[in-house]
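Reading through the structure tokens given below for one structure.
Chains: A, B, C and D, in written order; residue numbering restarts at 1 for each.
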């Protein structure tokens, strides 16, 4: 059950609502986000919500019986729009391409990608400075210094930044240099990190776990939302299956399904999703047709020489073709 | 190694080629199909194919080192086109929608679907008369009588028929009433059935196994081709994964990949692929963008009352919308 | 619902029972096996079975609401025992090791294995004469001639034979030379083959499909049983997962669970289950502790030279050690 | 490559070794653990290790070409033994049962379990005070206060404690109250947490990820080891597959295989592994036969009333039987 509270609800009124919930066997959690004030009620017995809905201080009340609540589509009239400024928006009809290298490597590299993005009217650049690596002996990214350089070069051209955060301690120092915090597949159920990102007023892109269910992805988002941050998008990035012909099995079913289950934007990551350069574009196009609100892609001036795995990375020529086709597919999808 | 032989090769010439292969450690299999005559050589040592290619009776020779040979794209200049007559073609630029119920139930049902297909310019009707069912106590289809009725009603309107064959013994009696033999996921590695369908001069649609690899699907097709039948299409119908939110996980990656690996047409089955009515259309559209040469869909006048599972079946109104959008997506894809 | 009928039930009495079932919305299937006469009722409404149970000609009646009926443990007082003669029994406390090569290759090979089995008091030899192979160009077994030789050499020493049958047409010619018909993983849902094996009076070992569920395995057995053959055992042989460190992921959970769900014997196939020679023994031991009624293993005098894949095959020394430990583990398990 | 250094190696000698490695294209990482001093060399070119091995300050040098190094079995003569004091040891022939509730709930609960463990000579108690929960609205454990109570009650009876740590910040406050830090499946690739646990001088039990590969599990352990902590055990707790008959699919293959790949102890978690109470014991027995060095099980005085999921939890009577059989199976295994 989700109760939308009036912004000027009095403490006594709030306590009264909580008492009424408790009397009906419902535990309640108070949630204050950037834009609203909620009570989330969790319980099992059927309740006539009209009895509670008339209490003072309540704006609206909704029955949501799923494991996830605030991120459910059932109670929100409109889909979420994430606004990054300068008319760069994601969700509810607004589509964005995000592109860039796996890892931030150097000024030369970032500059080249930024120029490529500007030339192609792509507004958001991806690039890792903290890299989760299977082996402790691998390159783990340029860290905070790399992020500052990344930020400086993007700001000059109005490009927004999405980059991965791996631990609670990094959030503070990264905050001012990041436009979207990305949570990687390996941290999809790092609940402390999700809690902490719930206290930040910046968008968060949550990747589905290596073998995360759709329900788990939504519950991960619920962690962020219920700690106060409504600015969330979800990202399908391929799952583990028995098929070894591709790196991961991009699950386009999940995109179609998430669009019916949640009001949050859904992003497709075909680069990790299939993990093979030649198939990034067709999988991106397929994702658009399944309803994705955006695509995040790996692009590098020389994929063969990329610091991190370049096998799934497009060069500028391939990427330019892909952007054009992705936009054409999106335009057709909007006509439907 | 694939050796294309001249149609008028003399027995002595053929024996000479086989001897030369054997001398190089290659076992050879002779394959005669509707249109060509081949030797398939299987061996491990590197061979200079030019030494063999100049022998009399050989038209062309190609190195194909994959587990599958004749179905590989490596040696064929053009993709396969399946011609069902009256300009109904599949593959190499020709796209077809196939639609119809899970099971053939009655004349009324078939007539209604046929009218719906004619009205929507769909040329091929699907419908099962032999149904593989998990439980021995379930309805197993109308059998041969149902097929004859199905055939009669389709022929009147020029509609082609695709239906599942489950065992070698059925092939003979079904032959004259079928335009495309379908092999279901459960028989994807029923090698005796594949052998027998290799001796038929009708197209065969091979579904991927429940958890079949792409390689296994291609090798299944190799069984059919190497027994003499070049008229094959492959069908992605969803795989088994840990995700239980949908019936199967439609693997759109496979469509994109198969199109690079084989010259055979690739068909998408979104109805079984995701198994939920609301998502059949977006998954069909996604499949088209990944390069599918056709879509096979379940359609029924009253899905709620279908004899077999109607949960994944569109009604006529939904289907009509879906056809239109699928064709629009295909038209865009052809522009790329 | 399972109704055990009296052997001397009169046709009129049977018809009466069927009418009563129908009146309650239950479809009924008559099943006559080697030892009993049943009606299987399938319906959805709750029925007071006592009302039917008193009709003349009924011996007993049981509620079984699962998708599988006759193979369920719910109605059988005792677990099934398969009796191969000479006190060679499987199930309900009787444990058997079955061992032998992947493929039958030659008289020398069979003789050597038979001697090895006799020396180790193993009573049942495995060995394929019809081999399901991914590629149409691979060796597909010695066929019927190989089977006759296999049979002759085993008979002389009192060894029983288990071998794979791949198609309905093979059953007749194989029948007199086989003690246990094996259905391979690829044919686990070849329902016509299962139907036909239901009409044979020889034990059938059913392997779980590549990615078959436990429920599907039981329903496969239900096909055989409901066509008249009660002599069935089930075999866990590994499933497909994302883990590529082994060939298949032996699912020992399934053994423990099947033992609670069905009265049929459950056999473990560690050779295919994990597919790596060094781990066949520990997985066999683990299977015994999970309750397996038998183990089927690949053994060859020179695994390195085996005609079919020898990577999972033990040599005689390794096998001899394994038998001893398997029996010790079984002896301990029986004490529990 | 692993280079074991002399404890009294001089800085100049160390620098010389690093220079020689670099000259051969090898990056080196210095690792100082509780007991030893290493250089781990990572590179691709073949090197004659004898050329380096004779440099002053080197005790021994080993070629290890796997993705994981220090945790590999290839270079260690003896398997790792974890010593918890009072002759409570794990690994290399020492077997331990760890048992206790999913969550620590109350003094009464802990006392009852402690008494049960003492009566059964179980030396290590499990119990969560920080619980990773899919939903943010679920009970997340008693936290640090619960841990102190848990510790106090166990210490009185000489019982050791294993409990889950979820984030870097918790390590410090938990340190003095914990005998074994457990890293849960959801944090299996939380590399920052692994790094931090590498700086602690307490044993760490690493659970395999929900769909983690064996290689990833070993690389997770490599993170801990390479940051200085050699006291690690690995834990198989079931993986995600398509089979929904059990909660997870306990992968006993992994136990057998890990025992050949690493010198670290391997623990089986049948409670989470299969997730169904009736099958915890057979899966535990199977794990012992596959070579596990210990079993971790959920036990509760009243599983039906457990704060966290009690569906996989044994009561004291069931557990007492299970301990006895597990020890008997282990005794047999040691005879082999």
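Here, a contact is a pair of C-beta atoms (placed from the backbone, for glycine too) under 8 Å apart; a residue touches a chain by one contact, two chains touch by 3 or more.
Owing to the predicted nature of the structure, the values given are computational and were not obtained by experimental measurement.
Enquirer: If you tally the C-beta contacts for A-C and for A-D, which one comes out higher?
Expert: A-D
Enquirer: Taking each chain's centre as the mean of its CA atoms, which one is farthest from the centre of chain D?
Expert: Of all the other chains, the one whose centre lies farthest from chain D is B.
Enquirer: So, what's the distance in Å between the C-alpha centres of chain D and chain A?
Expert: So the centre of chain A lies 33 Å away from the centre of chain D.
Enquirer: On a C-alpha centroid basis, what's the spacing between chain C and chain D, in Å?
Expert: Taking the mean C-alpha position of each chain, the two centres sit 38 Å apart.
Enquirer: Can you compute the centre-to-centre distance for chain A and chain C, using the mean CA position of each chain? Integer Å is fine.
Expert: 49
Enquirer: Out of chain A, which residues touch more than one other chain, so two or more?
Expert: As it turns out, chain A has residues touching two or more other chains at 211, 215, 240-242, 244.
Enquirer: Which of the residues in chain A end up touching chain D in this complex?
Expert: 27, 29, 40, 42, 67-69, 132-137, 166-169, 186-187, 189-193, 195, 209-212, 215-216, 219, 222-223, 226-227, 240
Enquirer: What residues on chain A touch chain B, complex-wise?
Expert: That would be residues 211, 213-215, 239, 241-246, 249-254, 256-257, 260, 273-274, 276, 278-279, 282-283, 285-291, 325, 328-329, 332-333, 335-336 of chain A.
Enquirer: Could you please specify the touching residues of chain C with respect to chain A in the complex?
Expert: Residues 211, 240-242, 244.
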